[in-house]
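Two complexes, one shared chain (subunit A), two partners (subunit B, subunit C).
Showing the complex of A and B:
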């Protein structure tokens, strides 16, 4: 008999479980992603492409679509466990913080995936003058996805079992995602304008770390409340 | 400190203004298996949830494995408790084998591999069938398989024998006997008293939120 598994083993196992479920159900890449792609096309199709400076809309559209559909991905992802499944995990002695980390990680992978797919579509349809370096841009996208996923996991756990969950959870996510979107979008903007990324990157990092600490500290109480 | 596996003193549970359990005193000794019966809505499942540590009573005290349960000890205490309830809590998108492998990876404390457990519960041939395509009886067997795999010291069965065939009921009986022989205990809940007479030392009746 082995000793109980550690925090990261539990977190990675939970994340793997969620990704396996997603790969079988295909909800994110089969349902959410096509709609996100359509949302990217809407602005060029709905405006006079010759009169409108579409290149200036590239980043706002990217973050808008990223926020709306990333939130969809994360909330769908975190709202799929039923009471019996949550109780089973609790009685297996799974660290609630590891469960939070695992669920957030899986949602972050999927949200990043959606944003990485829509990024070239935005470049293709909006033809921005300057494309920021891939490495730092990816870091900003990952930071945003991780933050949004943790926030959505928290909102999903706070509203679990409520009949108003589908409307209440986005209302919790929307205001708190503001520093995330400002931090990530301004980091990318600073990269394009060749300015210092220090301030927006710091805002993004502090917001992500605050969400991580909040998620870990509140995980036991939220588990008690939802099992 | 007490040597009882479970000790409830004056336990009461209210859901809002509605009292569900009142003044429950109950002990489960090491090596003992007890049944809890009563009509629908009497509070049997609520009582089991209190024993499992999933529900904190609004009054009274609960001691599990000889002492009160503190928040920071919950994961360790819960690892020693196994519960099979109305719903098996499987992931329908995963196969039966994957559902058990998940337990193996998450706990790291298994006594049998997932495949061995599938053989014990008679589902080795359906290992790669998705849980959503498995019958209710097969899902219940997988739920029991989790208990076989982790060998908890305290097993709590909430109507777990409902809908099981005789082979699966034998699995439940063996599970109860093995747990009690190893110094653990079992609490079996059923509204059907006849189900409880097979392998239990005593039967407690819950009525109108109290025990008799």
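Showing the complex of A and C:
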């Protein structure tokens, strides 16, 4: 740690690098976020707004948009490392687990940002009856974003360099992300209905921790597979 | 050639015997004859769990030993698992309509988690198809094979974790809640499907070896067919 090459130092350096590239490229907040906002806006137009209870669609649309565009954030072009970059990092002695942690952290920050911007739009367009408390809701969003980012980073690394990566990675992420969706959405539902959030929050926490352990343990093998 | 037929022949005989037992066993007090679908549905589900467990084991052993046969075993088992998961969902839906009054129920944790397991392994197979090089394919898919197996205990224990339409475990430590002839038919079905799994595995692993050999020989042929351009006479 003293020479600045400890796990967290490396992870934070990688995260800072990813966020810097993103701030230059502006892919997430310039392209993905507007696209997500359009998706939130389009759903009511695809239903009979007079006959459909839009307030009941608010939470499902929020989580669906979060899932689909969260994946896009983690698999964004500006966050993709080419083979040369991966090899350079390996030769520099960057811990593969730290690389995974750093990339996931950067994606989690960006995904949380997207979802925090989308939330008021959902409230505005869908007018839900009850809005849950901001603090606990933010925790659920952050938990979901962290889990989804780790999962998407894993899937992105498994499929790196493949021609079908853009469609294959979401196919891998979407079904495995279900415990995250259930945990986060049920936590928010429990907050709205004034029920105990213990069980869904526990599911979310256990899933996030499992993904973290899996990502860290498989990182060396994954680096070997893709460099 | 004769040796190769032993396992398929044994499994065919076992399946015919298991089906016969399924047809002559007692009908259920509540479900009547619809219970007979269970003798295909339960072994299919068991086979899916077994197959995905073997996929994870093959993936782990490949990562450890780097012997390509473990990757072939993982692939073959995943393919068989996908087929039997689909069969399990299909037979469950056919049984569900007359007994529950619906082919599909979103409130049922077992159904939803089984469908998700199917999608996860379809993703695993799609990843394999997208990677032509056998070694690169083995490296990538072994990691996914280890991650994907988490779905298996989730599906199995889903009836205990969540309130669900699907019945709980019938075979429990405190005893079996079934008539003797039904238990016999069920056990025969499980044994027959396991034999079928072994027979399919042997053939699929053999086929995977041939596929890899063909791929290598194709690349050699393509390599030798390419010659340097003749530049004589071109100034």
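Please note the rule applied: the second predicted complex is superposed on the first by the 220 of 227 C-alpha atoms of A that agree within 3 Å, B and C clash if a C-alpha of one lies under 4 Å from a C-alpha of the other, contacts with A are read in each partner's own complex, and residues count from 1 in each chain.
Rule of thumb we're sticking to: a residue touches a chain if its C-beta (ideal position, glycine included) is under 8 Å from a C-beta of that chain, and two chains touch if they have at least 3 such contacts.
These numbers were taken from a predicted model, which means no experiment stands behind them.
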item: Side-by-side fit of subunit B and subunit C on subunit A, or clash; value: fit
item: Touched partner set for A:24, first subunit B, second subunit C, both or neither; value: first
item: First (subunit B), second (subunit C), both or neither touched by A:85; value: first
item: Contacts of A:42 with subunit B and subunit C, given as first, second, both or neither; value: neither
item: Touched partner set for A:178, first subunit B, second subunit C, both or neither; value: second
item: Which of subunit B and subunit C A:168 touches, first, second, both or neither; value: second
item: Which superposed partner A:222 touches (first subunit B, second subunit C, both, neither); value: second
item: Subunit A as apex of subunit B and subunit C, Cα-centre angle in degrees (nearest 10); value: 90
item: Broader residue contact with subunit A after superposition on the shared chain, subunit B or subunit C; value: B
item: Partner chain in contact with A:93 - subunit B first, subunit C second, else both or neither; value: first
item: Minimum C-alpha spacing, chains overlaid - subunit B and subunit C, in Å; value: 5
item: Footprint overlap on subunit A, comparing subunit B with subunit C; value: 224
item: Contact footprint of subunit B on subunit A as seen in their complex; value: 1-5, 9-10, 13-14, 17, 20-21, 24-25, 82-85, 87-95, 220, 224, 227
item: Residues on subunit B engaged by subunit A in the complex (per definition of touch); value: 52, 54, 56, 71, 74-79, 81-83, 85-91, 93-94, 98, 102-103, 105-111, 130, 146, 150
item: Residue numbers on subunit A that touch subunit C, as the complex places them; value: 154, 158-159, 162-164, 168, 171-172, 174-176, 178-179, 210, 214, 218, 221-222, 224-226
item: List of subunit C residues in touch with subunit A within their complex; value: 63, 116-117, 119-120, 122-124, 126-127, 130-131, 136, 139-140, 142-144, 146-148, 150-151, 154
